[in-house]
Amino acid sequence: MSITGKSETRPPRLRLGMVGGGRDAFIGGVHRIAARIDDEFELVAGALSSSPEKALASGRDLGLAEDRIYGSYKEMAIREARLKNGIDAVAIVTPNNVHYEAAREFLKRGIHVICDKPLTSTLPDARKLVKLAENSDAVFVLTHNYTGYPMIRQAREMIASGKLGKIRVVQAEYPQDWLSRKEEGGENKQANWRTDPSQSGAGGSTGDIGTHAYNLACFVTGLELDSLAADLDAFVPGRQLDDNAHVMLRFKGGAKGMLWSSQVAPGNENGLRLRVYGENGGLEWKQEDPNYLWYTPLGEPKQLITRGGAGAGDAAARVSRIPGGHPEGYLEGFATIYAEAARAIRAHDAGEAQPDDVVFPTVQDGLAGMLFVDACVRSSKRNGAWISV
Amino acid sequence: MSITGKSETRPPRLRLGMVGGGRDAFIGGVHRIAARIDDEFELVAGALSSSPEKALASGRDLGLAEDRIYGSYKEMAIREARLKNGIDAVAIVTPNNVHYEAAREFLKRGIHVICDKPLTSTLPDARKLVKLAENSDAVFVLTHNYTGYPMIRQAREMIASGKLGKIRVVQAEYPQDWLSRKEEGGENKQANWRTDPSQSGAGGSTGDIGTHAYNLACFVTGLELDSLAADLDAFVPGRQLDDNAHVMLRFKGGAKGMLWSSQVAPGNENGLRLRVYGENGGLEWKQEDPNYLWYTPLGEPKQLITRGGAGAGDAAARVSRIPGGHPEGYLEGFATIYAEAARAIRAHDAGEAQPDDVVFPTVQDGLAGMLFVDACVRSSKRNGAWISV
Amino acid sequence: MSITGKSETRPPRLRLGMVGGGRDAFIGGVHRIAARIDDEFELVAGALSSSPEKALASGRDLGLAEDRIYGSYKEMAIREARLKNGIDAVAIVTPNNVHYEAAREFLKRGIHVICDKPLTSTLPDARKLVKLAENSDAVFVLTHNYTGYPMIRQAREMIASGKLGKIRVVQAEYPQDWLSRKEEGGENKQANWRTDPSQSGAGGSTGDIGTHAYNLACFVTGLELDSLAADLDAFVPGRQLDDNAHVMLRFKGGAKGMLWSSQVAPGNENGLRLRVYGENGGLEWKQEDPNYLWYTPLGEPKQLITRGGAGAGDAAARVSRIPGGHPEGYLEGFATIYAEAARAIRAHDAGEAQPDDVVFPTVQDGLAGMLFVDACVRSSKRNGAWISV
Amino acid sequence: MSITGKSETRPPRLRLGMVGGGRDAFIGGVHRIAARIDDEFELVAGALSSSPEKALASGRDLGLAEDRIYGSYKEMAIREARLKNGIDAVAIVTPNNVHYEAAREFLKRGIHVICDKPLTSTLPDARKLVKLAENSDAVFVLTHNYTGYPMIRQAREMIASGKLGKIRVVQAEYPQDWLSRKEEGGENKQANWRTDPSQSGAGGSTGDIGTHAYNLACFVTGLELDSLAADLDAFVPGRQLDDNAHVMLRFKGGAKGMLWSSQVAPGNENGLRLRVYGENGGLEWKQEDPNYLWYTPLGEPKQLITRGGAGAGDAAARVSRIPGGHPEGYLEGFATIYAEAARAIRAHDAGEAQPDDVVFPTVQDGLAGMLFVDACVRSSKRNGAWISV
């Protein structure tokens, strides 16, 4: 993905539609930038809001052709599937409770889906979506975007290649502070839907950010969770979903972990952090400083591996755009998910096997996240009992 | 620029051409991503290499229409100026010695120019380009990209509003290590042209990175340089241009400064750093961690102002895309220059005055950079004597 | 304690004896330096080893008078109690299993005791020692030395004064890496006794370092633990005591916490870290950078409070020696425990009440630590069930 | 100096006197703690103030015997020289203008001198003191205390052993902010004498802290200064001595450097920092985080060498007391100067050669500092002309 020395002719851009992401939305705008950065997609259609007026206005904001601004995702799916140059893929960026229904309409028509996380708002929906995706003739990509950071790829490669030896301990956390007070119930659209069980599902901090930390822990280490014990709280009076979660983890094979997610920890913006310790070394990474990976080979000085610097390997280089010392950020990491999706989609549409080095979070990862949230909620209700996932 | 809550209908994208930036180039790719991020430009034409074959191949790589892939910038300027939907603006991303000649062809035809820095390779060229730009009916934007970082805008706003009081001391530095050994003379295209006086001009580290530090110091503080004393070295045997520069600065009004640029400082990737101290407070910023600005009101604890966090004001918010805690990086900062250029160009083409809050480096800033390099070289030749600029 | 502007005549130094701390020991040497730094104590007697030969050699190393080098602590207690200028206080710096018996001999003779932590090696011993100490006419000080760091005092004062509002979440951790491999069973005396249940007690990492993290969490927040759930591991084959502990905490009043102690986390030396979050703000502190305290008032920029700098209050100043920017370290923090002990002892011996601002860990804190370890071990044996303490 | 595994019998403590350091003084208290930490000295006599009343009160504060509290340093020198158990050494901790006269009285009587820096307040005094010291039968130690930090010793050892190759660039700085406003002329005794030419000499920030940065640069690199060009300012109206200095350095052999000292840089407490770059690697160190040394072998990841951790060698270990991860601070670094002095004094008094590994700043280093200040002042007066030293 490096911009230096590229010399391959680029195929035409993939045609992208979007569900959700209209005026006042947040993550839709992120998806659009992410889709543009590596120039693999072109946004050509949208059902950008459940309100038809807002959908229209939002589509015009973005310069979509009038006849490709839709009032509903279903209408968009039906019509785009029939168009000669209909969309190749759709980005679903609605609140969680819409993911399943929307994805279904596209998957069953063979339109590739790039879906925001968590997978759905309920576990049954998640299980149905897994079946749908696996039985469809389409690629399904879940935007656990942090997996796109180059230093996360670097960490994953180092662990897979055995640099740390057998993993013993995994410490994952994702603290925020934006819900330290009662933000919901007013004008803050983000706070409203993210604290509403009917839109978000059973998990508050666990679903919104805990799933990211959990996904990242598994993505980097390759470990599978065996069971967990959780203690969930809603510290802000009246809040319906957890805003703080303490979780102990037992992985298959004997590794242990802790996971903390919080939306009530003043001084934390998006403090996602992962630390992994094995028999022979340790790794530490922080989302807010994503271009740095700290590596300690046991008994040697700690090393600072930088994106693009000495010590960074192929897995990181493949998803980097610019040389070290010029930071790539959140949008670039997100863009990598789109770039990987493009590669998978192109291979699929050409009837080829997906290239070995294409890596992105799948519908199965989405189900794993839902099972994690479900287990957290159940464990906490049972006074922190260990729950197998 | 925030992606949340946008509700303005976007005008059609501006049509962009590019000079330079073909296969094996570096900064051209950066410009292309930067132009895409905020979706204000569409690349439609290119004279991407001085080699016609490479220009053709490079244009195809990028999916340009065959008839808008040009073998020379002059041909492109002539033809695009005649096209009904010819380019609105051109990005010039060649080695420094081509800037002047290329810019001239476009400016005189009223095509807006977005030019990489330093302005030119020689001071006479720079002076001519200033006249050309000022007399042309076109916008000229110089991509001193670091001015696009939100926390740089924040620092500038704080100083302009008097938070630091009268500025006393400015410490600017830009160390790198990639030229610690003799990299030139082989396959490293970047090393080759950047150490070659005929392509780069009289300054080595001073021109390539010292100008960035100097530009940033002036941009943030609003100070104007009075004179400087410089001690330049080429530590690597056989190197023709300085790879390390020590400079003392005297600003008009009495502030003093130091500037260090180096390409031979192992452990530094792009260590651009700015520290400003006034009567009532201090600011510190580092390019490799660009989302953080450290502010100390004299006699109070140091504060960490983050992009999008508490303490960040309008100037930063205007050039931010996403909330705090999710880092924006180099490409986003670069994109801000393009977004600002778009606003200036749209206003210009609509016959309106440039909006007050549009900020970008101008041809005059480019001349200031050339005068800085020239003064450094002359001072160093005269044993570090003070030279007025 | 500041060295500037002192103007009180200092009373004669207190006479100190020491049990343990001979050749090859570690913590004894720390105690001796700590006792000297503020010049409140003079070491005059010692039973420095359980081996009489080593005790003699060690006493000579330290320049003790021959007749005050003892072969056993009992002998020392008996004789010093009878001397006209016998020791005022004794430092007990043996492995844990000797603490109780040694302390008893001094306490019952009215000799003040400064005892290393954890309090004892068994819970029954701890309970007996509490009774002994409370019924004795002597001061008992436990060297949970981290409570002596100025920024810890600062944090405690800020929380007590309500700056953070009601505390919600406490994250404590103490990772190390020195036992990542099997170090015990050979020449490493520290590894040998610290992994041996007969000398250390039931807790490995929990007893050695987890108690520090737990003590600090309570000391800073003023919270009392209600119950905990723990998952303990001995990752190194053959190890008899836990080398990694994951613990969830429930405090009285509703605050929640996590505690992680580990001796198998490569890249961590003494990574004791405390983060506390309340309704109105958050605090973060790290032992390896002890002169910094990060404070975020909710909705404002994060502040860096430094020892001796703006923002630091009386509680920190009282235990600081030198101005800000010149770091005080571990030994100074440890010395503060001795300085506080001296004040308590002088007040006691003068028949005065202990000054209000004297703060040190007590025998009750020691018992709390033992109950913490016991609860961790019991919870872990019962598959992480919640255990009330 | 490590406290673990010591097994050498310690000789009796050296008897120490002190000139200056009475009530309201600062650095005297630091010297006393430093002298105690490693237990090599015992303070037994003092002429602690130029005011006899204050000298008496101050002596009593410290518990000195009445007959060894002196009203003047001369009286002390004369009497102590005659005593059978008179002082072995004297610490001179007065304002700079007293150093020479006081040192003379002790040196000529063969009493070892431990003198605060800078060496004197005038260059002629410095030259005379060098002769005196070199012709005396006594050890002379200058407390450039930062040379006692273990990671500074580590850096010095690494450079001496060739790890960095030939040194090219040295960046030294020492910013503070405590004189950002007019603090002198009132009750602030430290501000008063440090900004008064008659007590401090010709240098303000240059003499007080610039000499530290300069000394450290030379100590670590082994380089000798050839010439310098300086630009000095007194930013605070009415201030008589420089409070900000910008200096360019040329070392013998071709290395170049910059040095910045400032007392008007808000947000800096004691921001002494040294960065050294050679052909094969770079080192970075910061006084406020003294236990860390950053080392980058060219082309490899940056390494964090910690005091007591992997990567730290003998030179650091020799002046460390406790294992890594438990920070040693300013007082311990200062104590190392005393410990080294003790070794030198014991060797001298035993008629032995000074051990090879004893390292401390000498009277020659003091002269070098005075020459540095003198050159800075002269260069600045001559508009920053290069001055040979």
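In this document, chain identifiers A, B, C and D correspond to the written order of the chains, with residue numbering beginning at 1 in each.
In this text, a contact is a pair of C-beta atoms (placed from the backbone, for glycine too) under 8 Å apart; a residue touches a chain by one contact, two chains touch by 3 or more.
Small disclaimer: the values here were computed from a predicted structure and weren't measured.
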Problem set entry | Pair with more cross-chain C-beta pairs in contact, given A-C and A-D | A-C
Seminar exercise, completed: By Cα centroid distance, the chain farthest from chain C is B
Exercise. At what distance in angstrom does the C-alpha mean of chain D lie from that of chain A?
Worked result: 55
Seminar exercise, completed: Cα centre of chain A to Cα centre of chain B, whole Å, reads 33
Exercise. Counting in whole Å, what is the centre-to-centre distance of chain A and chain C, each centre being its mean C-alpha position?
Worked result: 44
For this session: Pull out every residue in chain D that's touching 2 or more other chains.
Result: 268, 295, 302, 306, 309
Exercise. Which part of chain C faces chain A closely enough to touch in the complex?
Worked result: 168-169, 171, 173, 177, 180-181, 229, 231, 233, 235, 244, 246, 248, 250, 256-258, 260, 262, 264-268, 275, 277-282, 284, 294-298, 302, 383-384, 386
Exercise. Which positions of chain D touch chain C when the two form their complex?
Worked result: 3-10, 12-13, 23-26, 29-30, 32-33, 36-39, 57, 60-63, 176, 268-271, 287-291, 306, 308-309, 321-332
Seminar exercise, completed: Within their complex, chain A touches chain D through residues 295, 299-306, 309-311
